[in-house]
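Read from first to last, the chains carry the letters A, B, C, D, E and F; within each, the first residue is number 1.
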Amino acid sequence: MKYIIAAIKPYKLDEVREALTAVGVRGMMVSEIKGFGTQSGHTEIYRGAEYAVNFVPKVKIEIAVADTLADEVIETIRKVARTDKIGDGKIFVLDLEQALRVRTGETGDDAL
Amino acid sequence: MMKKAMGIGGLFALLGSLPAMAQDTAAEVAPIIDKGDVTWMMTASALVLFMTVPGLALFYGGLVRSKNMLSVMMQTTMIAAVVMIVWVLYGYSFAFGGSTSPYWGGLGKLFLAGVTPDSTAATFTDGVVLPEYVFIAFQMTFAAITPGLIIGAFAERAKFSGVLLFSVLWVTFIYFPIAHMVWDGAGLIFNMGAIDFAGGTVVHINAGVAALVWALVLGPRVGFGKDNMAPHSMTLTMVGAAMLWFGWFGFNAGSNLEATSGATLAMLNTFVCTAAAIVSWALVETITRGKASGLGAASGMVAGLVAITPACGTTGPVGAIILGLAVSPVCYFFVTTVKQKFGYDDSLDVFGVHGIGGIVGAIGTGILMAPGLGGMGGEDFAIGAQVMIQIKAVLITLLWSGVGSLILIYITKAITGIRVASDDERQGLDLTSHGESAYHS
Amino acid sequence: MMKKAMGIGGLFALLGSLPAMAQDTAAEVAPIIDKGDVTWMMTASALVLFMTVPGLALFYGGLVRSKNMLSVMMQTTMIAAVVMIVWVLYGYSFAFGGSTSPYWGGLGKLFLAGVTPDSTAATFTDGVVLPEYVFIAFQMTFAAITPGLIIGAFAERAKFSGVLLFSVLWVTFIYFPIAHMVWDGAGLIFNMGAIDFAGGTVVHINAGVAALVWALVLGPRVGFGKDNMAPHSMTLTMVGAAMLWFGWFGFNAGSNLEATSGATLAMLNTFVCTAAAIVSWALVETITRGKASGLGAASGMVAGLVAITPACGTTGPVGAIILGLAVSPVCYFFVTTVKQKFGYDDSLDVFGVHGIGGIVGAIGTGILMAPGLGGMGGEDFAIGAQVMIQIKAVLITLLWSGVGSLILIYITKAITGIRVASDDERQGLDLTSHGESAYHS
Amino acid sequence: MMKKAMGIGGLFALLGSLPAMAQDTAAEVAPIIDKGDVTWMMTASALVLFMTVPGLALFYGGLVRSKNMLSVMMQTTMIAAVVMIVWVLYGYSFAFGGSTSPYWGGLGKLFLAGVTPDSTAATFTDGVVLPEYVFIAFQMTFAAITPGLIIGAFAERAKFSGVLLFSVLWVTFIYFPIAHMVWDGAGLIFNMGAIDFAGGTVVHINAGVAALVWALVLGPRVGFGKDNMAPHSMTLTMVGAAMLWFGWFGFNAGSNLEATSGATLAMLNTFVCTAAAIVSWALVETITRGKASGLGAASGMVAGLVAITPACGTTGPVGAIILGLAVSPVCYFFVTTVKQKFGYDDSLDVFGVHGIGGIVGAIGTGILMAPGLGGMGGEDFAIGAQVMIQIKAVLITLLWSGVGSLILIYITKAITGIRVASDDERQGLDLTSHGESAYHS
Amino acid sequence: MKYIIAAIKPYKLDEVREALTAVGVRGMMVSEIKGFGTQSGHTEIYRGAEYAVNFVPKVKIEIAVADTLADEVIETIRKVARTDKIGDGKIFVLDLEQALRVRTGETGDDAL
Amino acid sequence: MKYIIAAIKPYKLDEVREALTAVGVRGMMVSEIKGFGTQSGHTEIYRGAEYAVNFVPKVKIEIAVADTLADEVIETIRKVARTDKIGDGKIFVLDLEQALRVRTGETGDDAL
């Protein structure tokens, strides 16, 4: 199994989720994060006090998938999250040793 | 009673020619300034400011996404500030400057020329006057909040400079003239005999129509119908609505200009019509979707306040409850069904609540004034005739504000532009138009 | 002075038979309506609404978890709205309808029958009257906030329809009768000579007891004592408390019905008793746990306001400070030690603050009225006798409200149910009862 | 007009010797209490409390990081509460106790000795008086808010016990004496002929200077200039600013003590000067950094309110607009350039906005009173002379408050300490000083 | 060492934390996330505008543990987080190459 | 490639970010988390109701880096985040199989 982590633009989340569901993904974890990368942040000034906000709001998605599905998932995120502007995000793939569904105790691909 | 009820609209009739009058009558009976009235009008003026900021700013601000919160607060605040200056420079004169034109007040009081601590303004009652300063202040707060109502239509996407330019143009060419027409003794609508106690046409229908035109011209927000655009803080929206209610006592009972029994009737009506509209919005929601929501209660609250605005001086308390029960379902139908059908993005439902609520109120005023319905009309009061007059007043306002706003939006578009770039819209107006964020940890 | 101080409770005595009286005296001396009074009572009425929404809604709302924020705001808002309508329909009549019964006001003013812009209501002072509309409005705001106080006891778990049904039943069978008993000239408690200037028994003890009964019947929240149920926004709670303070000037000084020196005393007392109670709560906390908390300050604020409510017209400013210093430690002891000991979940401490604070205030009123303590009692004022009367009034209220509320809760339970399913409770009432969330990003 | 304008400062002259006077004149003409005035002063007193909590608490609280939110709210609340008690015990006496000293009011009214419901306080107008209770309450709210203004300088790092101790010392040795000097008929600055209608020197310069001294003595916050210290809620800051505006009508127009034309002028000026200052701050920002910010609008709002405070009774509306346009750029320059240059951490810009704004207002008062500029000065009014007097009053205040505050800070440091441990500062004062958090989910 | 990631119901967090402490876990990282899975979200309507919220609030726990402790940790989470209702959550196990305690520089099992 | 996860004290974030940029890191994901460990939490009391907050606010950083950079990144975080007080945090290193840049489709080290 693979554990896929992706950082994407927040407004792409719903589209990505729908597309992933379509290819067979049945679950994921989503967090709001602050991204740092080539895309630059912005500056805020409050009465002369200047604060450089170096982070850009991103959404992080984590998905555990069966090996067979991994490539399709990566390809799907890639296609849907892409806007061709800096800051579109990254996809990272880790090896997943084990998965377990708390409710049933199922393990492996069955747990996903 | 008839005389008084009929006289309600007539109050402002005297204002145009006030200083002159003050001199005339001085020889006869010295007009009285009652400190109770002065206190009431100062309190009322402060209350109407409170409606604007923080009231309206929070009511609207809570409804947008957090990335646009400050833009809403800024628009409300800056519009009010700019209009106040304009009011002193020429607005008061345009509305109440003393000209005999049915359309505007003329140039007689530019820069408040001639107004001194001894100047007075008339009230509903012969021989009872107010220091003119407090009349200027009270009317100023009305002018300052009205264009602020419109911003709900173009929230989350309008260009800040365009909003300000439009607001100045709009009060100049739409609000001041209509205020003159409705409230000045020389005014067109006033002389038709229309009843608009506290500004249902001048403020709410007027702003509601302008809002509709804006929504149509500007087009929907990026992501409209797709992205989740749920209110970022229903808490603040409910707080803002409650503040509107509180301030509205100044708006409505203040429009009586005196602390008389008439003002207390206006206040009681402003309580109970609003309560009824809250309840009826909640009922409609419970019937149609099984649950009464906080936004529903807040919307009903504002709809009730809008509806009672023209009627608060001439309706009985039971009539006010009936009006409140009636207004919410109509507004509800507009903001859910009609808006969806036509697909325009009047983002915070300015037309659906203020425009439609104002129309219901204007017509309801003509009905509920009937003595048989507990209203303050005289024995010879004829519902049909009065309703026709009310409708005519509404139509004139719709036309004037509709066409006028359309022209002014295009003028604004040509000069400053009216919409931000879609990338900026996506990032939020707070950062891109104002350089700050509403919330940090 | 004696006459005046004694007369304070007597004010409302005149109200029952008011319209009759107005006709009688018309032949003799025309009663005077002073615009200063009218302005004050309009201002006071608006202020009491402001206490309810947004004041109470925020004070309570900040204390719950964010998933239940809107449910608190909705309950406060909807209860107020429904009670306002009930008030016009029959509530005013039940309380002040003119009957000579010691228990209720009768049916004489259903639908505000007979009330016109010319109707007047008496004040404390012979020959000084108010437009009846403003008396109706002012008293209405009291009726609207009182059942709203109770919701703190069953916050985060009560069923919305049950809350509304109970509130209507409760004002009908508990509040209106007690208001009549305490404030009407024919009323039972009034005729005992009990002093309750602005409603310590009618409003606070009354609501506090009902709250205790609710907490006992309903049982604790799911996860009580285990989950972290810390206030979701102490900021809003402190804002709400401050708004209560602001609005309470209308509540207390408004209860004087006239803008006289007596009203200004009530106001000054409402300032300084509250200040003292804030300080003493902070002191108790500093001593017992080393730190003064914001919630402590807010709680002391409310406790002080509750305590001074019955006493504000008859106590001197130094006496008010003493009362404020005394009330907080007692309430603190209840909400920390007693409540914990008995283990009931009066979620927002309605009984501990309003009930107990009200009792301290009622008894304190009987003591601090003594001229030797700077109070407004006459030379023949006897602390012991007055305290006994005060205690009797408290006991009647405890009994009436305690037993009555218990019965009404069970009636409500039978008709609509009183508690949501525990899954819904876990998910939060905002989503499950109202279909929305208080906050989005 | 001259007489009246000159008399404005003279109002309080009468207060020192008030009870005596009341007895004297009783034989001649009974002084009149107008209920309209009483209502206005009660309303104004409530409004000034509202400025403090929740107004100031939110304006300041929004500007700090969320971990320090409650500490700001607590400081504002507790300072107000403690000062109210102090006011009754000895503060009122120190300020208005009737002594003939130019520096303080003496001990004649400790514990409000001798004040009864029949006591009266003089107003601007001969023969018109107020119940003394309301004068005590009104002045008390001024004393309660002023030390609260200072906390902005040491926000996010000061020790709570030190803040309270300092505040008590500060009102005792700085505020009460300066209030006496400026407003009492026997007062030093009063007798110089300085005009300070509603407290520009007593309140704003006074607090502003103390704030500057604090910032210098205490040193910057941990992480200052490095960490992101952006306001945790610009929303609340803007709400707080708007509440300040609302409440300021009580502050300014209430300082007229009567509901006369003069009060309405003060109110109108408080509207339009503020509006102009909002606009000019936004303009400066637009020019210098391309965007008008919400914090800019809020800052301009407060700067305008501060500036008009001394001037509101003697300036015409157009003059008020000019004053508003002028004040913001000066304050802007201070909070952006000067502060940065000197590197001190006046965290919420108390000196930059209140101190500098107050100075601009004090001097502007001397200029804009000129009849040629629409002001209320008489024909023989000389700008130069008046400005010199105004500057002298400012200098005395700067000196007294500057040196006095310095001494009191060191005394506080010796007794309780003035700053928390840096680990506590990092974790936030809410948890470490008050044991709670402002927000949970 | 293993890196264990679990998504659980928020109100189970305290119980799980206590149980894990009992079996010897000395640290963890907790985030509030939006979960997507079989458990369905809800719909909110604001004046006629309907928003389907497809995510359910969950808590994500991340724990680095020694290999020897891994099974017990998994078993503990499973037992305590379980309510037998849909949405109880998932446990994922990844291989952890290295761990380091910033304060002391300790590495490996000592760092946990 | 390595996937480095670190929990640090929140006020150290900016310093760490700057130091990492200096050694060549070009991107990261930052989340606010609740940390549990040796560093104890605190207790809050609200009108007699006592709540033990067992968690301490921390910041979690996730960085994907080329193998060659990994040690330097770890060392940098360690040096900069360190205050020698309990609660300085942990660094965890996982093996990263694949990385992909959404915008360009680049993979491997090029994607970082």
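Convention: a residue touches a chain if its C-beta (ideal position, glycine included) is under 8 Å from a C-beta of that chain, and two chains touch if they have at least 3 such contacts.
Per UniProt, the chains are A, E, F = Nitrogen regulatory protein P-II; B, C, D = Ammonium transporter.
Please read these numbers as outputs of a predicted model, since none were measured by experiment.
Trainee: Can you name the chains that touch chain B (Ammonium transporter) as well as chain E?
Mentor: A, C
Trainee: When the contacting C-beta pairs are counted for C-E and for C-F, which pair yields the higher total?
Mentor: Ranking C-E and C-F by C-beta contacts puts C-F first.
Trainee: For chain C (Ammonium transporter) and chain D (Ammonium transporter), what's the span in angstrom between their mean Cα positions?
Mentor: Each chain reduced to its C-alpha mean, chain C (Ammonium transporter) and chain D (Ammonium transporter) end up 33 Å apart.
Trainee: So what's the Cα centroid distance for chain A and chain F, whole Å?
Mentor: 17
Trainee: Measure off the straight-line distance from the CA centroid of chain D (Ammonium transporter) to the CA centroid of chain F, and report it in whole Å.
Mentor: Chain centroid spacing, chain D (Ammonium transporter) to chain F, equals 47 Å.
Trainee: Note the residues in chain D (Ammonium transporter) that touch 2 or more other chains, in rising order.
Mentor: 34-37, 39, 43, 228, 230-231, 289, 293, 295, 435-437, 441
Trainee: Among the residues of chain A, which ones contact at least 2 other chains?
Mentor: 14, 31-32, 44-46, 94-95
Trainee: Throw together a list of every chain pair that touches.
Mentor: A-B, A-D, A-E, A-F, B-C, B-D, B-E, C-D, C-E, C-F, D-F, E-F
Trainee: In the complex of these two chains, what residues of chain B (Ammonium transporter) are touching chain C (Ammonium transporter)?
Mentor: Residue positions touching the partner: 1, 34-37, 39-40, 43, 47, 65-66, 228, 230-235, 238-239, 242-243, 245-246, 249-250, 253, 258-265, 267-268, 271-272, 274-276, 278-279, 282, 289-295, 297, 301, 316-318, 321, 376.
Trainee: Which chain E residues qualify as touching chain F in the complex?
Mentor: The touching residues are 3, 14, 17, 26-31, 62, 64, 94-103, 105, 111-112.
Trainee: What residues on chain B (Ammonium transporter) touch chain A, complex-wise?
Mentor: Those in contact with chain A are residues 223, 226-228, 426, 431, 435-437.
Trainee: Under the definition above, what is the set of chain B (Ammonium transporter) residues touching chain E in their complex?
Mentor: Going through chain B (Ammonium transporter), the ones touching chain E are 228-231, 289, 293, 295-296, 299, 335-337, 339-340, 349.
Trainee: Show me the residue ranges of chain E that touch chain A in the complex, using the header's touch definition.
Mentor: Touch list, chain E to chain A: 2, 5-8, 31-38, 54-55, 58, 60, 74, 77-78, 81-95.
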